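Labels for the chains are A, B, C and D, by order of writing; each one numbers its residues from 1.
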Amino acid sequence: MANTNIEGAPIRRRQDSALRVRLRRGGELLGLILSNPTTVFGLILIFGMLGMALFAPWLTQANTPDPYQMPRDWGALRMPPGTPGHPLGTTNTGGDVLYGVIWGSRTSLQLSIVVVGVTVVIGTAIGSIAGMVGGKVDEILMRIVDVFLSIPELIFALAIAAILGPSFTNIILSLCLVFWVKYARIMRAQIILVKQNDYVDAARVIGDSRLNIYFRDILPNAATPLVVQATLDMGAIVLIGATLSFIGLSESGIAEWGVLVSEGQAGIASGRWWASTFPGLMIFLWALAFNLLGDGLRDALDPRTESRR
Amino acid sequence: MSISKTDTTGAQTVAPATIASVRGLKVHFRSKAGRVHAVDGVDFDVRDGETLGLVGETGCGKSVTGRAFLRLLPVPPGILAGGSVMFRPQTSCGGCGGEGCAQCGGSGRRPTPCPTCRGQGCPDCQGTGAETLDLLKVSDKQMRGIRGDRIAMIFQDPGKALNPTLTIGEQLGEVFLQHRSVDLLEEAGIDSGESGFQAGALRRLAGQRDRRTDRMAAALWPPLRRRAQSVRQALDNRIAAALGETQIPNPRNIMRSYPHELSGGMRQRVMIAQALACDPDLIIADEPTTALDVTVQARILDLIGQLQAKRGSSVIYISHDLSVVRRICDRVAVMYAGRVVEIGETDQIFNDPRHPYTKGLLAAVPTTRTPRGKLAAIPGSVPELVDPKPSCRFADRCAQVHAACTASDPILSAVNPGHDVACFLEHPTSPKTEAAE
Amino acid sequence: MQLRDYIIRRLIALPILLLGVSIIVFSLTRIAGSPVGVYLSHEMSPEEVLQIEQRYNLDKPLPVQYAYWLRGVTQGDFGWSGVASAPVAEVFPAKFAATMELSVAAAVVAVALGLWLGTYAGVRRNKMPDHITRIVAVSGASLPLFWFGIVLLIVFWANLGWFPVGRSTNDIWESIAHPTGFYTLDAILAGSWTALMDALWHLVLPSITLGFGAVAIIARMMRSSLIEELQQDYVDAARAKGLPERLVLKRHARRNALVPTVTVIGLTIAFLMQGAIAAEIIFRWPGLGRWMASAVVRGDQATIMTYVLFTSVLFLVANLVVDIIYAKLDPRVRLGD
Amino acid sequence: MSKGETHDSARWAAALAAGLMLAVPATAQNARDTIVHGADEEPATLDPAQVEPGAGGEAVIFHVYDRLLAVGPGSAELLPSLATQVPTRDNGLISEDGLTYTFPLREGVTFHDGTAFTADDVKFSWDRVMEMDLPESASDILSDKVAETRVVDDYTFEVTLNEVDASFLYSSVLPMTASIVSQDAVEANGGVVAGEPNEYMSDTPVGTGPYRLTTWNRTENLTLEVNDDYWGDMAFDHVRWEFGLDPDVRVLGLRAGEFDTVETDPSYVADLEGAEGVIIYSEGLLLEPLHIGFNLNIPEGALPEGDTIPLDFFHDVRIRKAFNYAFDYNAFINGALAGFGQVNPHYVPIGVFGYDPDAPIYDTQDLAEAERLFREAGVWDEGFTVSVVVESGSLFEIQCLILKDSIESLNPNFRINVAGVAEAVFDEALSQNPVEYAMWAKNGDPAADPSAYLETYSHPDGEWGEVHGFANGYADPEAVGALIDAIAEELDPTVRAGMIAEAQQVLYDDPMWLIGAQEGAVTAYRDWINGMVIQPLWPRPSMNFALYDKAQ
């Protein structure tokens, strides 16, 4: 089967020690990334949203005791944008949409960092074991991976989250359980490729320990596609997480974009467009930003696309 | 091993006809750094029936020059910046019907009369009376008619130049469908005067202009299907014959296979069969043997030579392999950095090189007479061709560089009859400065 | 390997993979809790709960429960759907038809538009249409489907009133027979122009919503592989033969660019199945996705299991079909390597 | 009468609009419309012996079967149905000892299959429910009370109870479980097997009701046709129930005119207000108070992670009262319920016998009093965290959010976690004994008699009292228990009312629940439906289609 990720771009296989070489030429890489206006746009968006997450307590009055809960104004339900005190309006339960938009960036950041962090580590570990050890271990691990891969990601995550019960923490957990598979597969394929390189043989001939070879020669060279994929997933995971929230797997009342979109959709028929629109726009911008950055990174790190430019 | 060479010694005295002449050809590429002058004022003629070698290092513009004949340049970023490629298509000789006679110098073909002056000579045909087309200016439609029919190309790597997802037969057949559909219909016994849907559909099918309805009708409607099959039959015959001519065994089987199922040599034979299918007047062979094993190379070269001789076609042979060029070419043009620096008879170039670059190039080729360890390399490398200044392009690598070389451009001038060189060492008195583009 | 052997081998592997999937999902669901909840109401006493557990063999050890479940599945018994208040197997066909109708519509839109757009942009590389396509592609990959649908609803339904929500107008649907469950087909079979228009009219917004993301994926892949193919020698070789540009594109470049695109089209099956959940929620489409969403929210284990199993089957079969088409399109491909 | 004409032309218009040239019934008498109803829940079964109280099946059973007695719109007064008289002491149909009830039956009634209705059918129906004793059904409402059933003659039926019960007629004769099925039909199709559902009966109801079932396409719709041989007042129009529709779909369908009636609740009022042709109608209150339960019987180590409360947290009456004072009733009733609601006393819903309008109730937020009580109980400084389990996405969850906001606004050290879970998980959690959560939110089950509520929700040995260990919390559990027992046995209304008023005061001082509101009975329908009424004692308070006339 062809080796492609969901965006449809083939996973680039590279045999040279490009990452290391390129990291040494870090400035050049940065220049390459910054030379692409769409990537810069993505970066600006990312900084904007990180800023929003960082400065959330200063941008709005944090809800006490739990700032991740929407502040609910039970006396001002379903207020349109422009209402004093509620510039973007309120939800069906009186939640301030602006508050949700701002604090939602924190929830999303939390979601994407935890899921990407955990799955990259697990995926790298398992993919590395399969690729390095090979043989029976590889065979067994890959059969497990095959089984995981026979269920579409979102549906698998949905099923797990459903079983665990509706809460944002469980969404994070279910995404962690599903997403490591992808990284394990990429990592294994990379390791097998990199292992064939001469410098790995050379290190082996010198008598380097296997662990040393792995950390010094193999891992850094195998990591490039993982970095790109992880960047793209920073956006994709927020998308999927928000979808799960939208379906109803978050606790209600939490300041999370997907929950807000879901809560808002009931009022569309009565002309209450705002509660869904603003948080949804944020999800879009978040995913867009990381997609742009990810594409830019891929172009910059991949000699094939670079030469084609 | 006998390499057939077209006998041009007799023709020279009577000013051999040129089938194509390139004048001031300029091809530029747009890049981030600026305009790359890949071909920057190239002049040469291709004489009727000869094999002209176009040699030079990688990146000197020889392939681009060859492709300019077919206007096969990526546009953008390639720009045809100036000059002309005049081409005189030929027809079968009226005197001998293609058999070869005194009238046509034994080649069986002669120039097509100029349509403007009916062979009398006029400005359109530069007074030659032969139809003369500027390949850089003809319409796209006319160009398509020339491609594959009057001028054909053999690509460097047959593995890449054949479409991996079509069978050999399907690909080779396209040439006939494009240029010989009338013949195919005739061979299938379809009257050219016939009208109606059937005839229309058949004509479209035989010319690759078929519509979905035509294909459906040809598949489902028995009378049409039968006749379409006879066209198919005629096409298959032609394909098989073309393949057979390149000494491919079992052509009917090969037709049905895919490129990846053939060896490199076989694939190049297919390419050659495809190029020669319509008896072109001019064949551009772009390093046709580079991708092949050495043992196969010689046989492929032989084959090209034989088929060329049989047809009397001219060949532009693009290569960096001097030994091959020396063996098969009548004349050689040496290119450097987008310019022809020296052109002449093969013997003249190899035995009496005048340009320092040509000399260097020849010195870098090992021969049986070269002593061990004496192989000379030219110092430096090909200059960047981004917005060049008016100077000799070879100046910074030339051992004999002097003031004039960096101040202006040398132009090609004769040093011997038929032997031109662009170098101030040979023409110290007549430098010509070209205005910078 | 022979294509036939390959298919046979993959078909043998299919049930084994599905068994793996079912074990994973089954153990996950049962570890988290018993499915007895769907049969209960909150005022039942523990004794009554036990009685119900015995009726459905839920008091047995886990592996035995799995065996019971598996036996049920082989006999077409997928359990009781608490959400639909009916056996899963009885509810499934109608919901399946609804989802398939929507997915097929979306897929047709996505494949046709995606290929066209990708080709259009790839041929005009770095020109305006290309830039627009790239923007469409990137935003398509970033756009939350559920939000996109809601925006369409706000504009075209709530404000302009051009398109309806739901699957059909009740009266019209009740007026014709429905042998297939595909409303468009049923309308055609019934010869009712009104019903057909009604069914199509209801399809417009959801299929655009569902198809948009897939358009982006397909167009993006088609564009990049077409650009890659257009740089190949054989394209120039085709031109050198005198082929008109139309044929060069159609017969040579596009055909080969389709090879990698087909893989992506196969992946969009999964994309559509996933997207259908959100699209069906938003547009009140009575299909599997909406059912699954309610099942998820209400803890309906039998439905969740069936749905996961079904999507796996669909996904694996789609992948197999893609492999076969792949092999048909590209004679170089040797399956099973 | 011009009704037939309008029907006809409406049909023509509909037929033309659909582009179909269907034959239109010629006679005006037969020109019945079909009321299209967007139902909330598809029936799992239509067998009275299997149906769960409150399930979607009850509403259909209500229309297809009859019971011995009925209640009409407007009041909770019992009316004759298959029985020709309502047994009372005065008419002598209740024996002197209060244990034997005699029902004279209606003659000339036939089942939908054409067989005649007799006392044998009544006895068979009741015995059947008790013998099958299916766990999901409410069979115990009969078996707990009935000692013996007897056929006196073809048209007289007699029941003897175990003990005197003031609420017997309401609690056991009225519910759908007590529907009268055709003995012939059951015996011809599987008979009665203890502990096993009867598949035939679950989708083939044979009753005497005003409607007969014509088709049931599972997951899609169910059609009821007017029973032309009905013994009572003939229904006007046929009814088609559409299933599988989420609340918002029903709301949209109603706006679009695709449905004539839908089931909805006050939280959707905002989406229907102002919609053309839609009438929002409210009458009285549902008999299902929305409450939050306190668990006084928390098992060791069972609380969700993060909960910091001691196991005896709610044993302290001050804390229970503090919760009752802290809750923002105004936000719940005027916000979430759109004004359709009222708070009822503990634990007698408004509209039930004995409800005392002057009884003290917690109906306004009093944060100062809540703070005082929390301080007094000694939890103010340390604070606490407690989870409340609730069905996610429900109205109850909103109630929990309001509780959360109310309590947390008091003191930053107070934390309420709203643990939203799936419906099935919630049902399972609440069927545990003891319940493994400190708090939960749901609604009470409707009943017509105050004893049903008091025994279930307030008696220390009652259904919830036992599970939640109310005895650990009441200042004097024996006294509370004795009072409630006495209310159940007291047959004199005035005395009984006085006792109930006393109970309301006692339970106000010693609350075991937090009652957020008694939800208003709200329905929404198209303006072409005439005769809309609401009766909270019907399975679905606004659904008695036999009374509705569609005049489109």
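In this text, a contact is a pair of C-beta atoms (placed from the backbone, for glycine too) under 8 Å apart; a residue touches a chain by one contact, two chains touch by 3 or more.
What you see is a predicted model; the values in this text were computed from it and never measured.
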Among all chain pairs, the one with the most C-beta contacts: A-C
Distance in whole angstrom between the CA centres of subunit A and subunit D is 47
Cα centre of subunit C to Cα centre of subunit D, whole Å, reads 40
Approximately how many whole Å separate the CA-defined centres of subunit B and subunit D? 92
Computed distance of Cα centres, subunit C from subunit B, in Å: 52
Per-residue overlap in subunit D, given as positions that touch at least 2 other chains: 248, 252, 392-393, 421-422, 425
Which positions in subunit B touch two or more other chains at once? none
Where subunit A touches two or more other chains simultaneously, the residues are 162, 165-166, 248, 265, 269
Can you work out from the touch definition every pair of chains that touches here? A-C, A-D, B-C, C-D
Contact residues on subunit C for subunit B in the complex? 231-234, 236-244, 247, 251-252, 255-256, 259, 329-332
As the complex stands, subunit C meets subunit A at residues 17-18, 20-21, 24-25, 28-29, 32-33, 138-139, 141-147, 150-151, 153-154, 157-159, 217-218, 220-221, 224, 231, 260, 263-264, 267, 270-271, 273-274, 277-278, 281-282, 292-293, 295-297, 299, 301, 304, 307-308, 311-312, 315-316, 319, 323, 326
Sort out for me which residues of subunit C touch subunit D in the complex. 33-49, 51-52, 82, 84-86, 90-91, 94-95, 164-166, 169-172, 174-176, 192-195, 284, 286, 290-291, 294, 296-301
As the complex stands, subunit A meets subunit D at residues 64-66, 69, 72, 74-75, 77-78, 92-94, 162, 165-167, 248, 251-253, 265-267, 269-270
In the complex of these two chains, what residues of subunit A are touching subunit C? 1-2, 4, 6-10, 38, 143, 146-148, 150-156, 158-166, 235, 239, 242-243, 246-249, 258, 261-262, 264-265, 268-269, 271, 273, 276-277, 280-281, 283-284, 287-288, 291-292, 295, 308
